[in-house]
Structure formats: C-alpha cells, structure tokens
Amino acid sequence: MREILKKLSEAFGPSGYEDAVREAIENYIGADLPENCSVEKDRVGNIYFHVENKGKPRLMINAHMDEVGFMVTGITENGFLKFGCVGGMNPLVLGAKRVVSENGIKGVTVTKPIHLLSPEERKELPSVDSMCIDIGAESKEDAKKYVHVGDYFVFDSGYVEYGDGFIKCKALDDRHGCAIMCKLIDDIKAGASTEYDLWFAFTCREEVSYSSARCAAEYVKPDLALVIESKAVQDIYGVPEEKKVCILGDGAIISFMDNSTIYDRGMVEHLISLAEKNGIKYQKNKYISGGNDSAAIQKSIWGVKVGLISAASRYIHSQANVVKYEDIDAMYKIAYSLITSEILDIKE
Amino acid sequence: MDFIRKALKELCSLMTLSGYEKRGKKRLFDLVSPYFDEMTEDSFGNFVFIKRCLKKNAPKLMMDAHFDTVGMMVTDILEGGFLSVVNIGGLDTRILPSSEVTVYGKEEIYGLISSIPPHLTRKSREKRSNPKIEELYVDTGYSKEELEKIVSVGDPIFIKGEYTELLNGYASASGLDDKACVCAVFDAVRQMEKSKMEYDVYVTVSAQEETGKCGAAMCAYAIKPDIAIITDVNFGSSEGDNEFETVKCGKGAAIDVSSLSDRRLTRGIMKLLDRENIPYQVICEPTNTGTNNELVSVTGLGIPTVVMSVPLRSMHTPVETLNINDISSLSNVLKTVAYTEMEAL
Amino acid sequence: MTELLKKLMLTSGVSGREHSIREVIKNEITPYADEISVDPVGNLIARKKGNGKKIMFAAHMDEIGYFVTFIDDKGLIRVGNVGGIDTLSSAYTTVVSEKGVYGVIVPSDDKEIPKCENLIIDIGAKDKKQAESKVKIGDFFVHAPSLKKLCGTRYIGRPFDNRVGCAVLIEALKKVKNTDNDLYFVFTVQEEVGLRGAKPAAYGIAPDIGIAVDVTSVGEKPASPVTKVKIGGGATIKVKDSSVICSYEIVEKMRELAKKNKIKYQDEVLLRGGTDTGAIQNTRLGCSVGAISIPSAYIHSVNEMIDLSDVKEAVKLACAVAEEI
C-alpha cells in the first residue's frame, strides 16, 4: 500500500483539477476485472468501482481525491503571481514554500523580507493578500508565457518516511483514503467476497464543498456509507492533553461526532465491534472538530447511515501532512472486515 | 555558468550553520583546489585560499564571502519526540511552520516544524500572531527515549531547501545567502590568468557573519590586505518592495555605497566599470551595510573596503531566490578589478 | 571552599573598581602560580608555565552595582547602574558603599517595576552636607554582600555572579597537576558592562584555547526562557549563549573529558546573556573556545542561589580541561 500511497499523494490534484489522481486510480484498477465488477464515472468527476450483488444492501465506501492548493488570481507588472487559497489554509504555513503549477512550472511563495519590516509589521502574520508566487518571470508578458490567471498550483513537497514509522507528504489528506480503497479493490480482485452491493466512490472537491459527495450519494443511493478521511489533530508538545484530539499511532479513529456530523450509532458500534473482534487498534476522538463529506452523504437522498474512520494527521492543509503508517493499516483492516463480514442489520 | 550552477548546488547542500562551517571544509576544498596556490584554515572556521600573480611584492586583494548560514539549535528534547529550538542568526519565524529540517545529531535525522491546522485554530478563535521561536517545535517522529540516544542539546539544525531551478536562470535554495557570493568569488578566481593579475588574491570564505560578523575581521587581521572586497547578498526586489531599499534581480551585480566603505575605492571601481562598459546596479546604505564590511574596514590599521552584492529575494528563508546571471556578473566585476592596477582604481 | 567563597563574596568591586577583590585573589593564588601580572585594564593574570597548548581560563571578578551621580539638598543620593540591575528585587534592600557606608535603596515613585534612574539611596543623612561628608560623586555602591546556607548543599547570597567562577579557577589552579599545557588563569574586569576586560587579556595572551567560567541561568521563573539546566545537576558545558557559539570540537572534547573523569555535567544553551567566552573568541585571529558554567537561580538579584556540589564538579572539569585537552 506504501507504493500506491506515494504515487497518489505526489500526484497533482487540487479541488476541481483532480484529473491526474483519477487517472492514477484508473490505471491502478486496470481493465482486467472480475465479472461482477465495473468502473463508472459521473458528471462531476467522481469515479466509482462497483461490486454488484443485486438486491443486497448497498454500502458505499468514500474517500476524496482532491487536495488544498492555490489559484492564480492575477499577474503583476513585475511578473509575480497573486494567488488565492483553494481550501482552508492557515497563512502561517504559506510563507517561503515551494509550489508547482498544473504545467509543472516551479515557484516559491514570497513574503516581504523580515529585515525590511517595521517593528509593528513584524508582529503581524503575513496575510495571503500580501504574498505572491515567484516563478522567476521577468515581467507580466514573460509570466503569461507560462502561467494564466485561473491556473492551479499545489505544494511541491514529496513523500518522506521519517522517525518511527511516520510519513510526510503534501495531500496525504485524503490520498491515504484513496490508497486504502485501492488496496481493498485489489482484495476484491484477488477473490475477497462481500455480501453487500458494494461501491467505492472516489470523490472530488471535498476541500471546497461537500456537494460532490452528495452527487455520489445520489448516484449510488447507498443504505450505508463509510467515509475514510484525515482528521486534523495536534498531538504536539505543549498542547494540553484534552485539545490534542487524537494521537498518531494509537490506531484508526472511529468518530462519534465532529462539527459536521453525528455519526450513526449502529455504524459506530459496528465498527468498534469489528475492531475489537479482530484485534485492530482504534481510538475515539477526544475533541469535537473538523468536518468532511459525511455531512453531505448523511443528508442526501432519503438519508444514509454513515460512519467514519479517519487517520490522525498532523499539520494537514500544509505542505507537510503527517500520518503514521500503522494507523493507515488499521483503517484498512477495519474497512476490510466491514466489507467481508456479515451484513449489518440496517433496519434498526 | 556551468561551474556556477555546479558549485551552487554543491555548496547549498552543505550544512554550514554559523559555528559549524568546518563541516563543509572537505567538499569546499575538493571543489576549488585546482584553482589556488595555497589553502589554509583557522580555528574559528575561516578558510583562506590564495592565488598569487606573477609580480613581486604585489599588493594583496582580499575577496570575502561568508560561508555560514542561519539556522537553529536544539535547546531541549521533549515528550513525544519534539525538540525545542533557538534561532542562530536572524530567522524569520513567520515562515517556519511546516518547514522541513535536518537535525545533525549522532546521525542526521529528518524533522518538521510543528504548526496548528486551521480546523483547530478557527474554533478556538485565538488571535493569530507571529509565532515566537520558543513556540515552535521540531517533530522528529521518534520517542523521547530513542531521540535522546541520537540528539543532544546544542546540536545544529539546518532548514532544508533543495537547490531548484526556476525560469529564466532563476534558482531557489536554502543558504544562497551567502553561498551565491562564494560561488561568484571562486568563479572569478578560476578564470583569472596569472599574467594579467595585478594582485595576490586572498579569497576568504569566512565564518559567523550571521552571528556577529567576526570571521572576516580575523582573516583581515591575519592577511593585512591592501584592498578588501566584501561580497554578500542584498535585497532583491519582489512585489511591493520599496525600489530604493532593494536591487533588481537579473540586472547584474550591485555596488553598495556606504559610509563605512572606502569612498574613493568605491567610486574608483564604479568609474572603472563605466570605462569597461560593464553593467552594474547601485544601492545606497548610508550608515551600515549589515555585512562583514562593518568590522573589516576598521580592522588593524584600517582597510579600504568596498561592498558588492548579488540581489536575493526571500532572504533568510528556505526559498532564497536569485538569478544566476547576477552571480556571473559579480564574478566578471571581481575579475576586472583584479586585472586593474591599484593606482587606477 | 565555603571559606574561600565567603572571602571572595564579602569583598566588593563593581565593574571598573576591582582593586580590592583583585588583591584578595592575588594573595590567594600567589603561592601556586609561576608568574603573576596585572595588565593595563586591571585583569589579573596567573600563569602556570608549560610548553604545550596555550590555554586561557577566564572568570570575571567584577559585580553589578551603582555609581553615585548626584546628591540632592535633602541628602538623598541618585545613582547610575553598573551592569544589569534587577530593579524588582533591589528596592528596599541594604546597599553599602566602597567606604563601608550603609544605605537603603528606594524607588522614587510607586511604578510596578522601577527604572534604575528612579532609584534613590538613602544613607540617613540629614542634609546634603552630611551626605557629602560620607559619600562622594563617583563612589560605588553594591547590594550588601551575604552568604547563607540553605538546605543540603544549597547556598544563597551575593555576588555569586561571578565570585563563584573565581573560586572555581582558584581551586583549579591549586589542584591542577603537572601538565605540558601553558596555563593562564585570568580574573577579568568589566564583564558586567559588556565583556570589556577579557578582550585585551586575550589579545595579550593570544591563547590557542579559551575557557570562560561563569554562572548560568536555570530559568526559574515561568516566564524565563526555557532551559534544561538545573541547580544541582552538575557543572554545565556551554554550547551557546548570546555572545558566542562555542567551538564544537571543544564542546565535544569537554564532554569526553567529563565522561572519562566521571564528572557530573549538563549541556547548556543559554538564551539570554553573554559571557567572556565571546570576547575571547573574537580577539586577533580568533581562537577555539568553550565555557564551564555553574547553574544559578535569581542571577543579578540580591539573593542568588547555587549548589556547592555543582561548584565542585566545575573545579574537577576545569582541572580535567587544563590537564588533558
């Protein structure tokens, strides 16, 4: 799973421009599929892998393909690019970072040098408005040869394994979810059996709105949904225990609630019992924060029972997302046991 | 140009935090040994390279560029594998969160500077202000026990920023301040023909400019040069900068005009460049230049100095950016000076 | 050791007025040194000759205090500070002049933390005339010296900064075994006002290696900069302070020596405050430097605290450095 995780995480795919990620997933799945399986696409750019079991309850596993990034909003006379953020980012992590455009043009983000700031300015955080991207262009005309207003940039920050099993890359939110789904599809292709009418939905634009996931729910019409996501945590030194949210390495997070969703009680209990029965490490969130596609899925069609497993992630929405591999593995195992175990009684 | 690119890439990959310049010695010496008659070092961490001309009793021309860079140092090893740190030199803490670093303990280990994502700051409505250095931690991914075996208090930390080429000859890396000028000086000396040189040239690759500017003064004290050229980076203009505080990238080397430099020498060199039709920019720094010049000019009996610079954007960040043509331009200026009699300056 | 400390601490000498303390130290070390000299700025230099590496040890003998600048009609004395006074702790404490005149220091208003310029010394004079008969403009005052034993091996008093460093060097000079190294034990002047004495001393000696001995902060207040150094944790080996980044070969060598000789030590990165180390490093062609510190709480207050066990470790470390580096 490490290989596909690296490949997907390093792929270019800000919200609304997920093409490279989608292509990588399609290539990974391949054309040689079992008889009851198919790959489908919808009009918003979501892509599905369907394991058909006619008449059985529908289970949708969901992860989003997009990442946070930047959009060029203007080019200055001197050839610098003004930009806006695609997705929510803390300006604190934006200064002096390497970025790369959809056409492979490399650049760096520029803030005014600290030496030239007044003492008051030094105390303030640089705003996104005051920053720009430097691609080495000589002038506006020169820059226009390489970049247009509306072009996307993402962080240029590769996959690194460090310390005791930690992984750093841009876009791990939520490519690790995509990687887990790819691994599950591998298992299906290798003969793992499920009793559900099973759908894997790789969705778009989660970072800017949850509506692509709503479209996916309309398309699949699931009875049950499991969302695989990143959870922003701050298990770093100096943060009070109660605000750390979750700890990297303490296992998959099975959430009962976040800012967008209260998860289906049956789903939560089912996921916990699967983890306990199979000896898989899991943790619950100790702080209410964040939101994700579950919100849209839960409220779509006539309502969907939704559950969430997520990976505790440090520094998400920066160039350096950090997860721990053993957590990703635990999430995979929970998802695997969900799809291969007995069907959850959805009437309750 | 090929030499400059190669040298720049090589030098930027060396960890030479202020106080740790000696760790870069071997690769620096390997890189430039073919071009010099003598290479020496002192206990402080300065390196001196000498190329003599054919004249007897020729005057001594010192060309200085500092080798050290800003960075951080470990102050404590904390629960969860985090390190608290202190800055070495003037670091811009506004841009540090989520930067990647290498910690030079018993082995080199990877680290990340911690930050809090918007999901968690938004809710708490904490006033967002610049982090102080003591509020930043380096995340190493090890347990405290394992980390203590590898890292000690006082170990140096280098902020990673690999050499990357942008468009139009622009390049970005961590540590271009002042390795750009180190390259310029070496590129100039490399090309100098001994028969045309009017001076014995002493290249000083000096230590600890970022933490007190004392290295170059020690070299000057030992060499007693007749003229010293201090080369350093200067502020390259980016969007919204005051054009009088900055120089333009891609428009050539700059001559810094300052009261602490030697007025006659500075003006003499500008006239020389005008005569030779060599383009250059001028930047005025009325009181001090913030370079090694401040101490070198008043070392010993006093030394006539001139400051020359390469424009650099995003100074003291991991993405310092410059145009390689400006390095080559500085190299050309240095060579021209070395070929000109002292009386003609 | 406590006898020696007491002798050193009860003799006052602010920066630039180190004559009395210099005499005390001189008498103490004369039997043990091959040569003793005083340089033009007043540094006391004791040499133990050798043919090997030239090693300069430095501990400053000056302390913080006040110079009298003005005496008003009521006989109240205005002062200027010498070095970084902790005004929060100094208000309403006893001060004593170089001639032994006692007084009390009072803030001129009720601001939360008085500025030095708002401190007044009241010597109990009834008018200007009586005051002038006791105190002249230009006389110095210091906070009354003291030395008291607390629990265990802890002591409180002043000025531990840096008479404790002087004591370490004196003990080291007495104890150091024969070595090839050419040793200079320098008791420097004017450290508290900007490392002014050590520089000429280093210029004159031109050492290969410089080692300063001074106190270091333990970050005892919640708002102090973070440090790992603890009182009672042993002598410290300095890596950095605001005046210096120590030569890393020396730091590593000192760590080795400490391990080899079973000396209890701690690594020190001091975030605020400088030492003679920086001045020694930057003299002439520069030299390799390191520093040994004694952890101290409440530095520059009227009650500084140290642990005698750390002082003993510092002496051992200084001897090991002198003999083996």
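The first chain written gets the first letter, and so on, giving A, B and C; residue counts start at 1 in each chain.
Basically, a residue touches a chain if its C-beta (ideal position, glycine included) is under 8 Å from a C-beta of that chain, and two chains touch if they have at least 3 such contacts.
What you see is a predicted model; the values in this text were computed from it and never measured.
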Take each protein chain as a node, join two nodes whenever their chains touch, and name the resulting shape: line, ring, star, complete or other.
line
So the chain most remote from chain B by C-alpha centre is A
Comparing chain centres built from Cα atoms against the global Cα centre, which chain wins on proximity?
B
Sort out for me whether A-B or B-C is joined by the greater number of C-beta contact pairs.
A-B
In whole angstrom, the CA-centroid distance of chain A from chain C equals 58
Chain centres from averaged Cα atoms put chain B and chain C apart, in whole Å, by 36
What is the distance in Å between the mean C-alpha positions of chain A and chain B?
40
Numbers and ranges of chain A residues touching at least 2 other chains:
none
Going by the touch rule set out above, which residues of chain B reach two or more other chains?
84
Expected list for chain C, residues touching two or more other chains, is none
Using the touch definition up top, name the residues of chain B that touch chain A in the complex.
78-82, 84, 90, 92, 94-95, 97-100, 109-112, 114-123, 128-131, 135, 137, 139-143, 146, 161, 164-170, 172, 235, 237-242, 245-246, 250, 290, 313-319, 321, 323
Contacting residues of chain A [partner chain B, same complex]:
76, 78, 80, 82, 88-93, 95-98, 105-116, 122-126, 130, 132, 134-138, 142, 146, 157, 160, 162-166, 168, 232, 234-238, 243, 245, 259, 289-290, 314-320, 322
In their shared complex, at which residues does chain B touch chain C?
18-20, 42-46, 73-76, 84, 86, 88, 134, 152-154, 208, 211-212, 214-215, 217-218, 221-222
In the complex with chain B, residue positions of chain C that touch it:
208, 225-228, 239-240, 245-248, 251, 267-269, 271, 278, 281-282, 284-288
